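Let me begin by handing over the structure; questions about it come next.
We call the chains A, B, C and D, going by the order they appear; numbering starts again at 1 in every chain.
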C-alpha cells in the first residue's frame, strides 16, 4: 500500500480519512473520526498529536475498553487470524509467528498471568524488540502496579501508532521512530578505508544461536552502501557483526602468518534504544583492532 | 612418571639409559643406544642434538625403515592399541581418539592416499596442531614431492622427540617447545586493571562449534593467575576469548544502558606458531574496546 | 575580486576574457589569448585544459622564455614589489614575506644556486607548502638534471594556474586543488560525541615553534562547525591539534585525579598530499586515547 | 653515604644510632633518641612507626616548636646555607635552588603570607612535587584553617622522614615512597614490539617549556632497559614522552608518505600520585596510535 501524502489527507472527506487512518488504532476507528475535526494538519507530528490527544482526552473507562481491544501477543487471535493486518506484520517482525512450542507456552503463560493481574492484554510495540527482549519486558512489567501498567499500555499503543502513521503518511517531517545501525572499516595498516571486506550481520540469541540478518561488503569508503538497519526502529536485542578481515589482508599481502592472527573478527553489541543511531566501526591491522560506539 | 634429572641420566648405565629414553623415538631403541656413547651431556639441548644426530647419520635406508615404524594418525594402531603410550597421549591431545565417523573416514582416506604416494605413514607432531590444522597439513603435504616429505617426516619426528624429552628429562636448560597464551584486561574507563572479569577460553571449529578449554577470572592486576596455555606447544588453531565485560561494568555502576552496549566481548584469533607467545589483552570501556597481539 | 562565472566568461569578447585571465599565467597574457579561440568551455576543467595545452603546444624555446618570466621566491621582485598581485599573495601564504634575515639569506643562496645550475628561476606552487617544505623542495630539486627541472617547473606552473583559476572562475565543476583537515572527538567514556572540547590548531616548525592557525570548539556532534582547513590546498607541513581533554572531563565529573592524567592532548601529524583529506579524530577517556588517519 | 642495614642499626649504641638517624627529623635529634628505646626493630616500617609515634605522642606544644624548626622553601636558609644537607638536596630536586627572580619573589611572598596566617613555615615534601605543583599547593593550603595546616605540616614531615629513612637504612622491607614511570612501544603494523624507537622524556611547564629528563631507546621487547623514573617518588607534574615513530617506520620501510603522517609522537600526561605506577605505552602503526594508563 503506497503511503498517502499529508496534502492528500488534508483534502479528503471524512470517509476517505477514516479509510486511511481507521486501523491505526487497533479496532478503534473513532480515534481517526475524532482527529478528523482537527484538519488541516501542518505536519505529520501534528496529526500524531491530534490522534493521541483524542485517546488521552477520552477518559479512563473508554481508554480501558480501548486497551482491551488489543490482541494478545502470540496468542489466540494470532493463531485464528482475527488480528488487523498491521498487528500480523508487527508480530511477524519479532518472529512471534514462528515460535517453538516451548516459546508459545511461555507466551501463553505470561499472557494469562498478565491478564489475570491487570485485566488487560499485554501491549508492547513489538517492532522495537527482539523476541528475548519481549519476554524480558513481560517479566519486568508483571511486577508493576495496575496504574503504571495502564500508562505503559497507552505509551506502547502510541509507539505502535507512530510506526503505523510513519508507514501510511508521507510528509515533509518525520516522526521519531527510526533508528540506525551502520559500520565503517578503516585499515590503519595502510591508512585508508578498507574496501571489499565481507560483512555478516546477525541477531544473537542468548543460547548462542545466530540468525543471519544480511551479508554485505565495504565499498571504497570503507562503508556499506546502505546502513545495516535504517528506516525502522532497531529491535532491542544483541547483534553481531562479523568482518572477514583475514581475507582482506591476504588480498593486500599485508601478513604472512598462516593462519592469519585475525580471520573473522566478531563484534557483539546490544541495542537499548530502538530510535538511536548505532555506528559501530572497526579500525584494523593484521594484528589489532578497535571498535566503539561512534556517531 | 616423574622426570629424570640430567645428572641422573648421565650417571646411568646403558640399560637404565635405554629404559628411560628408548621410546623417545617410536619403536627405535637403537637411537638411545647410539646416543648413550656420547655421555655425559652438558645440557638437555646437547642430549637432543646427540639423539637427532644419530638418526641423521644413520643413512637413507635405515631412516626410511625407521619412519615406517610410526603409526598412522587416527589409524588402525590407534584402534587396536598397538601404539606407544606417548603416541596415544599425543593423538588424544588433538582429539584424534574421539573422531566422528566422518572424520575417521577422512583420516582413513588421507592416510591411504599419503602412503600410496610416499610409501611412508603421514607423520606430524600432533601436539602442535588442532584437529583442523592436521587435516590442512595433510592436504598441503600430499602435494609435495617424496624428497620433501622424507625431510618433513624427519623434522616432525624431531619435534615429537623434543616434546617427549621435555616431559622425561629435567635439566637447567629447556628445549624450545613451549608456547603461551595469556591475556590482560585493562579498564580505561577508570584507568586501572579490571578485576573480576569472567573469561571463557574456547577452541573454535570452522563449523562455528566452540569447545570450552577453561573458565577463569581476572585478578587485581587484570591478569589471570595462570596463563591460559603454557608449558606446552599452543596447537595451531582458532581460539576465542569471551570476556564478561557487561557484568563487570554493571558491578562498577559504569553504565546505565539496558542491556549494556557491550555484554560478552568475543576476541577470536588464530595461532600460527605453537612455540610463540600470544599475549592478547583488551582495553575496555562500556562503549569501546581494543585488542592486539602484545608481548 | 568576486569570481566570474563560466557562463559570463563564455560570453565575453577577447578583451574582457584576457582582462580576467591574462595574469593567470605570470606575465604571459598570450596564453589566455590562445585559449580564447577554444570557447565556449563546457567546464572549468576544459578551460584549464585549454590554457595548459596552449603552453604545452608552444614549443621548447617559448616555454623556457615563459618560465624565465617568473619571479624568484622571496627574492628581489618580492622586495621591490614587481611581482603580480597573485604572486604576492601566494608568497605571503607561505610566510615568504616575513622571513628572518637568516631565512632570507638561505633563499637567496638557493635561488642563485638554482639559477646558476638550471638557467631558470626556482618555481614551486607555494600554496601547497609550508616554509620548511619549500626549503626541502629546493634542496631536493637542486640535485635533479635540467630536463627534469624544466618539466617540474611546468608542472608547478600548472598547479599555480589551477589555483588561480579556482579563485577567478565559478563553475559547476571544480578543479582538484583542495585538501581538507578535519577532526572529531568521541568520548568513549560515556559513549557519545564530546561536546565543548576546546581545540587549538598549530603549524609546527622543526625548531619546535608552534604557529597558531586557529582556536575552535567541538559541537554537539563532536565535530567543529567548519573544517580546520578546507577550500584550499593543505600546505605540506607538520601540524598539531591540541585538545583540552582535561577541562572537558572535569566538567563531566568523570575523573578525580588532580591534576588529571590527560590535560591537553597534543596530536602531531604531517601532511604530504595537499589535495588529500586528513581526518584526524580522537577517541578519549580520562585515561586513554587513540587517533588515526580517518576518512 | 652508604645506607646502614637494619641489623647494624639494631646493634648500635645510643650515640651511633643518633648519629645515623638524628637528622631524619630536621633539627630534632630527640626523635631518634626517643625511638632508640623501642629497639630492636623488626622492619623498616616498624622503625618508621616508632619515630613518627614519638612525634605524635609529644603533645601539641612540642610539635609546634618542632614544626617551626623547619626552613622556608626557597627561603633565607636556602640562600644562607643553614639548612640540613637533606633539605638542601630535597629543595634542589624540585629546582628550588635555581629559581628566577620572579619565582623567588613568588615564594617569598607566599612564605610570608603563610607564616603570617599560621605562625609556622610552609612544609611540603618537595621530592613529591614539581615546581608548579609546589606553588599550587601553596595557594591551596593558604585557604585552610590552622588546625588543618598543623596536621598537614606533620603529614608532610612524615613523608619527608620516610624518604630520608629510605635513603639511610637498607632493610628487607620497603617504605611505600617510590613511584614509577615506564613505557612500552608495540608495533601493531607488524604485530611485534617496536625495537629501536628513540624516546625523549620531558617535564613540561605550563608555559610550554620542556625540560629534558632523559633520552633513551626501546629494546627488543619494546621497553626501555630501565624505567623512566623509579626508586623515588614521581614528582607531581606534567610530563611528555616523544617517540620517534617516523624514523622507526622509515627503517621498516612501512610507509611511503613523505613526510610520514606520524613523525614524532608526543604523549603528554600528568602524575597525581607520586607513589603510583604510571605505565604509559603506545600502540603504533604509520597511520594511528593509542595510549593509555596501563599497569
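Annotations for the structure displayed:
In the analysis below, a contact is a pair of C-beta atoms (placed from the backbone, for glycine too) under 8 Å apart; a residue touches a chain by one contact, two chains touch by 3 or more.
Just so we're clear, the structure is a prediction, and the values are computed from it rather than from any experiment.
Homomeric contact subunit A/subunit D: same residue numbering on both sides for over half of the interface positions.
Centroid distances built from C-alpha atoms place D farthest away from subunit A.
Taking the mean of the C-alpha atoms as each chain's centre, subunit A and subunit D sit 57 Å apart.
Taking each chain's centre as the average of its CA atoms, subunit C and subunit D sit 47 Å apart. Within subunit A, residues 188, 191, 257, 261, 283, 287-288, 290, 292-293 each touch two or more of the remaining chains.
Interface residues of subunit D facing subunit B in the complex, by the touch rule stated above, are 186, 188, 191-193, 221-222, 283, 290, 292-295. Only residues 188-191, 255, 257, 261, 283, 285-288, 290 of subunit B touch subunit C when the two sit together in their complex.
Within the complex, the subunit B residues that touch subunit A are 208, 210, 236, 238, 257-266, 268-270, 272-273, 287-293.
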